[in-house]
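Across the two complexes that follow, chain A remains constant while its partner is chain B and subsequently chain C.
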Partner chain A sequence: MADRIYRVNMSDLTSTIEDVPEAWAGHGGRGLTSTIVAAEVEPTCHPLGKHNKIVFAPGLLAGTYAANSGRLNVGAKSPLTGGIKESNAGGTAAQFFARLGIKALIVEGKPEKDVLYCINVKKDGVDISEVPELKGKGNFDTINAIMAKQGENTAVISIGPAGEMKMAAANISVKDPEGHIRSAGRGGLGAVMGSKNVKCIAIEADDSSEVQIHDPEAFKAAAKVFAKGLIDHPVSGQGLRTYGTAVVLNIMNEAGGLPTRNFSAGQFEGAEKISGEHMFDVIEERGGKTSHACHKGCVIQCSQHYHDKDKKFLTSGFEYETIWAMGADCEVDNLDQIAEADHLMDDIGIDSIEFPVAVGVAMEGGLLPWGDGPGILKLLKEDVAKGTPLGRLLGSGAAVVGKAYGITRVPVVKNQAMPAYDPRAVKGIGITYATSPMGADHTAGYATATNIMNVGGSIDPLKKEGQVELSRNLQAATAAIDSAGLCLFVAFPALDIPECFGAIVDMLNARFGLSLTGDDVGALGLSILKTERGFNLAAGMTNKDDRLPEFMAEEQLPPHNVLWDFTGEEIDAFWDF
Partner chain B sequence: MQVAVKLFAHFRNNRFKKEVRTIAPGVTVGAIVTELSIAEEEVGVVLINGRHGSLDQALAEGDILSLFPLVGGG
Partner chain C sequence: MADRIYRVNMSDLTSTIEDVPEAWAGHGGRGLTSTIVAAEVEPTCHPLGKHNKIVFAPGLLAGTYAANSGRLNVGAKSPLTGGIKESNAGGTAAQFFARLGIKALIVEGKPEKDVLYCINVKKDGVDISEVPELKGKGNFDTINAIMAKQGENTAVISIGPAGEMKMAAANISVKDPEGHIRSAGRGGLGAVMGSKNVKCIAIEADDSSEVQIHDPEAFKAAAKVFAKGLIDHPVSGQGLRTYGTAVVLNIMNEAGGLPTRNFSAGQFEGAEKISGEHMFDVIEERGGKTSHACHKGCVIQCSQHYHDKDKKFLTSGFEYETIWAMGADCEVDNLDQIAEADHLMDDIGIDSIEFPVAVGVAMEGGLLPWGDGPGILKLLKEDVAKGTPLGRLLGSGAAVVGKAYGITRVPVVKNQAMPAYDPRAVKGIGITYATSPMGADHTAGYATATNIMNVGGSIDPLKKEGQVELSRNLQAATAAIDSAGLCLFVAFPALDIPECFGAIVDMLNARFGLSLTGDDVGALGLSILKTERGFNLAAGMTNKDDRLPEFMAEEQLPPHNVLWDFTGEEIDAFWDF
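Take a look at the complex of A and B:
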């Protein structure tokens, strides 16, 4: 059976199943969500109005036994940036979509009636049911309610209260194999889902069918080479598996690029206490799990189960970005408090980068003292979850909070909060923050790898030479990886081991009967970037939106006392292709 | 002269997090790595006072040397 497009119209609560148009056939994952949004969404529309659409797409390799191929891509016009958005997550949904032969699910329109809905995706089509009982429920209760009704082996995509309240920092949750949560975190996609009154999407398991592979033998051979690359490379096979993504915390701190105290310093005194090494010790001591896969087929397993002091499960998928944002950026040096916040943010459904960075800005404005972990937990429980005026303000993201408090040190690009690498001390990532059509997003072109970690070569993080080209190459490669539906962490081995990169191309060819080359895949990535930028320009952005905030060119970042010193022209050269 | 050596990730196993060591002038990063029984090919990143360095670089009085295996994530 050929893959189909499922389309749900929330205005009249109908659905259709459509053939895949020629122009979309070669796309998957991010390439497909961005192509559909660019083709069907009026760029100037209100992101929370009936003209926006939200698109869910598994990648081109989803549902196969290619390692780490289960990422779900979500796209729409972003209420945070006002531009195009793609955000992706693990969990089981992408593989379930692929097995049902669903290339994309497009949700459009907006219901008249003020009631929440669940979209049930099944083998023989879609039905839409009212779920008033889930109003105001957290993601965990929502997922449990769906599992109780439709079986544990149902994939769930949901929003929490933040999404229902249409906060610009609201994210989308995807259930993992154990009923925990992975998040498509960035850009307020949860608010778009909430604007269409869609509380959740439940996807039926279909173990009877498998995705079609054009040349199974060739696929098997390539998948083996690929998995071996992931296991052999020290970053993916060892570091991430043992210490999780927080392994990066200490190296960023030592290199002086760990944004601290709302981006006013590059090193945090409490770094060791929130490091990956420390987390590993705590997990071991309390009997958690130091490695865990967010979907079936992940061999890297950067996730973990973090237990509390009483050795009870507290959170999973406890990521570097989250730990940094509430940790160094708000100067909280207590990992248990950050873990509790991580769980709360999962449940409320709010981006664990945008929210804590917004809090850091508010701390600068005097809302809370630096390092006040319990204060942040209280804000989450009593303000954000309940939607008080303060909770809604913080849930609107760092840029809005900066305005409300009259702060000039506001670390955003295109209104999206910067993640855990200071661009003054990691200049390559600064080019990515500036130019990515997504706004400040480290995953869009992870130049930190080559600037700091000597992966994919090495380029001095404190110098400008080579950074624009590096960021462009990485952004193109990332757009391609996101289209394949692979976890971005496969990039570490793929950058260093030529056979591992080649295996990705070979798997795509074997799956679809194509004869793509590595260059074709790079060209696909570049064309996706152009599509996304085209949408942003049509929405009213200009090259002046590709800039870092002024303070970064004027306030030196200790310990290296460096400034952001790229000119506008140098940044704009990014788009010369 | 004295330098501080900091180890990260699995380099810490059966070794230390941070140690102040007395070395002779001209001693290189590579020599310290060998002394710590770390295989040179295992060293992913060398930072000297927070800046990228190399194994053949000699250390100076008061330097802070940070040694990492290849790590990444985020």
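Take a look at the complex of A and C:
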């Protein structure tokens, strides 16, 4: 069965199944979502209007037994940045799509009727049903409702109240094997889904079908080398598996690049209490689970089940970024409070980076005292979930909050909040924040690896030399990894173990009967970046949007007392390729 | 006494008096503020940071006895639009500056100390005093405090709580002869003043000095012709004088271009109740004043004293735009409620276009029912004045509110709210909204005159033909009028009465000993527009910022059921000069 494009028009509630155009055939995942958005979405359109489209695509290796190949990529014009957006998540949806032979699901148009819909994706096509009963429901209730109706073995993509309210920080949830949540968090894609009244997408399991593999033997061999690389590398095989992504917290604190108190310092006094090591101890003590896979075939298992004081499940997919954002950036040193917020943000469907960074900005404006964890929980429950004006303000992201409070220390690029690495102390990630067409995004080119963890070589984080080239190489590699549908954490072994990187290329070749080289994969990544930047330029962005906020060049970051010191010209050199 | 530049550095609380650089010598008013901002402000700087500067300049004819020459121009990088901004107001400050020989006052830097300051401008220089007692005070209290201390005959430029809180819709108030308020309303310049902790500027009267006039006889002759033109023309001499600017309300309603219910219709059922004619009757009945000059030498006298039901003074400078914005756009048909809001907005120091248009957007989002005048008054008193999160949200302007509420019908250009003419039904003003470097601004090129009032010719408002050229000519003429320091309403006679236009040129020549022609004045206007656009492009804007919102091309405006139908290319042709 050849892969097809599924297209749903929400204006007239129709759907079609289309052959894959020649130009899209070599693409998958992010490469495909960005190609489709660039081809079909008018760059200047209103992101919440009928001319925007939202595209869901599994990666090129999705549905195979390649380890960690289950990421779902989502693309659209972003209501947060005003540019092109791709955000991806684990969970089961990508593998389900792939087994149904769906290369991409394009959702376009906008219904006249003010009612919520569920898009049901089945082997024989798509049907669209009204789900008024899900109005205002959290993601967990939504997932449970679908599982109750269509069976537990159904993949679910959904939005919470934040997406329904079209908040610019609304994310998209993807059900994991146990009915918990992984999030395509960034850029407000949940608002785009909400603008089309799509509450959820339910994808039928099709265990009878298999993804076609051109050369199964070669694939098997490559997949084995690949999986071994993931297990052998200390970061993917041990650090992430044991401590989750929060393993990075102490490292960044030690490096003086852990943004604290709304990016006014690089070290947090309470770091130890919110570290991955502390989380490990808490989970062990309460009978949770320290290694958990968000989709079948994940060997890294950075997720976990975090239990509350009563030893009841509280949250999973409890990430460093979330812990840092509400933790160090808002000075909350209580991991249980952050875990509760994580659960609430999953349920409400709001980005657990954008929202707490916005709160940090509001704290600077006097909304709450620093460290007020209970206050943040109240904001989530009473304001964001209910859509009060304050909830809507915070749900609009850090840039809008900064504007409302008249604050100059607003850590955003292209209106998207910076993640957990201060670019003054990790200059490579600063180049990624500045230049990524996605806005400030650590996953777009994780220079922290080479700046701080000595993965893929070693470049002094406090110096400018080599950072632009590093970020460019990593951004290209990331675009390729995102196109393969692989979890980004495969980059750690791929950067350090040549055979592991080669195995990715080999798997792609074996899957499709190609003869790509490593250089071809790098070139693919660069061409995706160009496509994405082309969209942004056509939308009205310029190189002036590739800049970090002014305060980073003027306020020294303790403890290294460093400034962001790249000139515009130096940053613009990123695009010289 | 040659004119000088006064410069105040708020970082170290020093000031200097400088000669006028050659390149600035021919400029005044808007031409000067825009030239200085373009020369000295880094276009990409944070508008509320220390690198922004705010410039106050009287026009070229200020301080002379030319009729209606008392406008004060204020320029800076705008926190609302992110581009260059010039906004002007009547009141007494411009004439006081001119008589002190001050061609411009530049306020730069940013204090370390968290205290408010008053800049005292005197004949022998500037001193800066702390005024902690004015913290949080409204503009009226502020003006009264200064008058009590320094005498009633002191000119005052001030901000209210909105400016102190750095709201992007905060305006700047200028005291009129009686201690009431005229506002430089648009673009959030009050927030820039607030960001520098400047609560107020007090300007000493210097009745002993006179503005130097090169050829007094020629000036006198020209000024006489000019004043006669103002009095003879039916709009400036009768309509505005009798009914104030609200004379336009019934005209626009009749024309089907009165934006109603957040720009979803072009006629308002309650129009009669908020019309200029009705206002006239109310004022007469309550013993107010229908013709009032906001500065010495104004012969148009479009201001008024509007009394409340108890026949007590309630507000002055009660403008069509304000009445329309809270009236038709929010569907409030109670003129007394709007008058009370006008007084509150003056006191709080918030733009009476931006704020109510933002409320209209929020009403569409469900914040308040349409027509809820008391609700709007409560928002002003309880939220905006006190800086609650909701107040800060609304104080950030219509674009931010639209984002927070996830709404696509958001009537802004360059993030600035559209004024009281729907561009679908008055296409000439749409070209002005789209192309003006100021964002949506009717005063930048008042094509309504020729589209609706047959002033300066007649062009069908519903057709595209001739609108781009009309807007360009009007924008150039306006930039020149704004540089002369003349009230924009002189354009009505200047467009229709050749001798009146000639008299403006003659006055400029007589004042400075020049030999400008009418063409020179037009060329000056065009060059100012280019300077302003150059700043915006350097700040990161593109032609994509010269567009009206998408909904205007898709939602027909009743009663004419017209769409905005200019292509991007047609709009961009504006800049072909």
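Going forward, the second predicted complex is superposed on the first by the 577 of 577 C-alpha atoms of A that agree within 3 Å, B and C clash if a C-alpha of one lies under 4 Å from a C-alpha of the other, contacts with A are read in each partner's own complex, and residues count from 1 in each chain.
As a working rule, contacts are C-beta pairs under 8 Å (C-beta built on N, C-alpha and C of every residue); 3 or more make two chains touch, one makes a residue touch a chain.
None of the values given here were measured: they were computed from a predicted structure.
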item	value
Contacts of A:Leu48 with chain B and chain C, given as first, second, both or neither	second
Chain B versus chain C as contact partner of A:Val248, first or second or both or neither	first
First (chain B), second (chain C), both or neither touched by A:Asp460	first
First, second, both or neither for A:Tyr65, with chain B first and chain C second	neither
Contacts of A:Gly276 with chain B and chain C, given as first, second, both or neither	first
Touched partner set for A:Gly395, first chain B, second chain C, both or neither	second
Which superposed partner A:Gln238 touches (first chain B, second chain C, both, neither)	first
Of all residues in chain B, those that touch chain A in their complex	6, 8-10, 12, 17, 42, 44-45, 47, 50-52, 66, 68-74
In the complex, chain A residues that touch chain B	233-236, 238-240, 242-248, 250-251, 254-256, 272, 276-277, 302, 320-321, 419-421, 442-443, 446, 448-449, 452-455, 458, 460-462, 489, 492, 559-560
Interfacial residue positions of chain C with respect to chain A in the complex	44-46, 48-49, 51, 79, 165-168, 191, 194-195, 362, 365, 367, 389-390, 392-393, 395-396, 400, 403-408, 538-542, 544-545, 547, 549-551
